[in-house]
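Both complexes shown next keep subunit A, but they swap its partner, so subunit B is in the first and subunit C is in the second.
Coming up: the complex of A and B.
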């Protein structure tokens, strides 16, 4: 991926596919490090499947035998000297407390650090495609935090759907303004 | 031209020769795997310096005729095993990527 925002899109789509009703995308930045953490309450994975997800020849797809979403995310972090971690509790074994957390750290000053890119587009694309999911997005930077919780929007909007163009445009502006405010 | 012909004409070292009779057509150079995945054409010789197991996955997905590792980079044994299991041809050369591409172009 040319931008980490595309990896975020890719990993969050796994959460959607896992039937999650809440997905949290948390970015935490320090001076020289970025952590991307995507957590969901979807069906989770069995320990056997979990052990193999960083292998590109593991996939839930039936149309082809190769799945590169997680392997490429892991590679992007490790090529900067960062670390990758994934943990999961599957629904069958943990009926009340299941889901997956995928987290990767990146060393921002490493030459092979992939730029974050247009993360607003990724978040908006996810909301637009699956407006019934509760999306919680936070981006914490030194001295600044960007935050969006679609449940808070729904409380204000009532019956107005999140994925109509006016609301989507508003969400985009709302995020953009938070980034621009010092 | 087959992969076997390419090896003898370019003096590449075979690392994994799963299908020596595979027909070679065209060449693609790139290291950003997700980018290569969408752009390398089936049958291409793909020149790269990436040695992760993901290289084998992309080579298999893009259905390239052979992966050529440039600059003398080497693979770890598990990656070699994986390429063998998936039937992906892997060759190597000490030449840099540009020289490798020029050489491939001159023989195919």
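Coming up: the complex of A and C.
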């Protein structure tokens, strides 16, 4: 992946596939470190599946037997000296409190740090595909925070879907402005 | 600054249009967005389709959606165009530039861009 924002897009798609109705993407940046945390309330994974999930030969895809999403994300983090962590509670064992958290840290000054890239584009792409999910996006940087909660937009929009072109354009500008100001 | 009041305005505008939209959308553009597609550059392709369809005023007729792995990862980014009463068209190795061209020539002009098509899958 050429940008970490593409890994974010890819990993968040797992949350969609897990049937989550809320997905939180939280980026926390300090001077020299970036943490990416994707949390959902989807069906979760059994401890057995979870144990094998960083193995490329574990996948939920049906078209072939290789799944590279999580291994690539893990690699991107560890090649900078960062850490990768995934935890999950499966629906069968935890009917009231299930979901998955995938988190990775990145050392920004490391030679092998992949740039974050166009994260706005990834967030918008996720909303475009699954407008009924509640997407909560936060990016905390030193002295600045960018925030989007699609529930707040839905409260204004009512029945109008989030993924009509006019709203998608609004969301893009809304995020862009937050990055540009403050 | 972007304000929620603008969203309110979009809502009011749309409420008059919603009825019109029902039953239309006879063309469906589907972009493969699994790990393979994303890594190969599907995100800008998808976003270009969304933007161009809107810009060319085709959004009453054309819907742009995403799907998982189509199964031909080596040809990603893959885009499928479904049109009522016609055979599915599969575009391969797409880029944002090619996407623009497909919107212009195929979705708007009705002529398949054969150079980017893969046959029989």
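In this section, the second predicted complex is superposed on the first by the 182 of 182 C-alpha atoms of A that agree within 3 Å, B and C clash if a C-alpha of one lies under 4 Å from a C-alpha of the other, contacts with A are read in each partner's own complex, and residues count from 1 in each chain.
The rule is simple: contacts are C-beta pairs under 8 Å (C-beta built on N, C-alpha and C of every residue); 3 or more make two chains touch, one makes a residue touch a chain.
The shown structure was predicted, so the numbers you read here are calculated from the model rather than taken from an experiment.
Enquirer: Following the superposition defined at the top, how do subunit B and subunit C come out on subunit A, clash or fit?
Expert: In the superposition, subunit B and subunit C stay clear of each other.
Enquirer: State whether subunit B or subunit C is in contact with more residues of subunit A in the superposed arrangement.
Expert: If we count touched residues of subunit A for both partners, the winner is C.
Enquirer: A:177 contacts which: subunit B (first), subunit C (second), both, neither?
Expert: In the superposition, A:177 touches subunit C alone.
Enquirer: Regarding the shared-chain residue A:128, is it in contact with subunit B (first), subunit C (second), both, or neither?
Expert: In the superposed model, A:128 contacts subunit C only, not subunit B.
Enquirer: Considering only the touch criterion stated at the top, classify A:168 as touching first (subunit B), second (subunit C), both, or neither.
Expert: second
Enquirer: Mind working out whether A:1 is in touch with subunit B, subunit C, both or neither, as first, second, both or neither?
Expert: A:1 sits against subunit B and subunit C alike.
Enquirer: Once the two structures are overlaid on A, work out the angle subunit B-subunit A-subunit C from the Cα centres, in steps of 10 degrees.
Expert: Given the fit on chain A C-alpha atoms, the answer is 80 degrees.
Enquirer: If you stack the two complexes on chain A, which partner ends up touching A:93: first (subunit B), second (subunit C), both, or neither?
Expert: neither
Enquirer: Now for A:55: first (subunit B), second (subunit C), both, or neither, which partner does it touch?
Expert: first
Enquirer: In the overlaid three-chain picture, which partner chain does A:68 touch, first (subunit B) or second (subunit C), both, or neither?
Expert: Both partners, subunit B and subunit C.
Enquirer: Once the two structures sit on chain A together, report how near the CA atoms of subunit B get to those of subunit C, whole Å.
Expert: 5
Enquirer: Can you list the residues of subunit A that meet both subunit B and subunit C?
Expert: In subunit A, positions 1, 6, 64, 68, 72 sit in both the subunit B and subunit C interfaces.
Enquirer: Any idea which subunit C residues touch subunit A in the complex?
Expert: 1-2, 4, 6-8, 10-11, 13-15, 18, 33-36, 38-39, 43-44, 46-47, 50-51, 53-54, 59, 64-66, 68-71, 73
Enquirer: Flag every residue of subunit A that touches subunit B in the complex, lowest number first.
Expert: Against subunit B, subunit A makes touches at 1-2, 6, 55-57, 64-66, 68, 71-72, 75.
Enquirer: Name, in rising order, each residue of subunit B that touches subunit A in their complex.
Expert: Where subunit B meets subunit A, its residues are 32-35, 37, 52-54, 56-58, 60-61, 82, 86.
Enquirer: Touching residues of subunit A toward subunit C in the complex: what are they?
Expert: My answer: residues 1, 6, 9-10, 13, 17, 61, 63-64, 67-69, 72, 118, 121-122, 124-125, 128-129, 152-153, 156-160, 164-170, 173-174, 177, 181.
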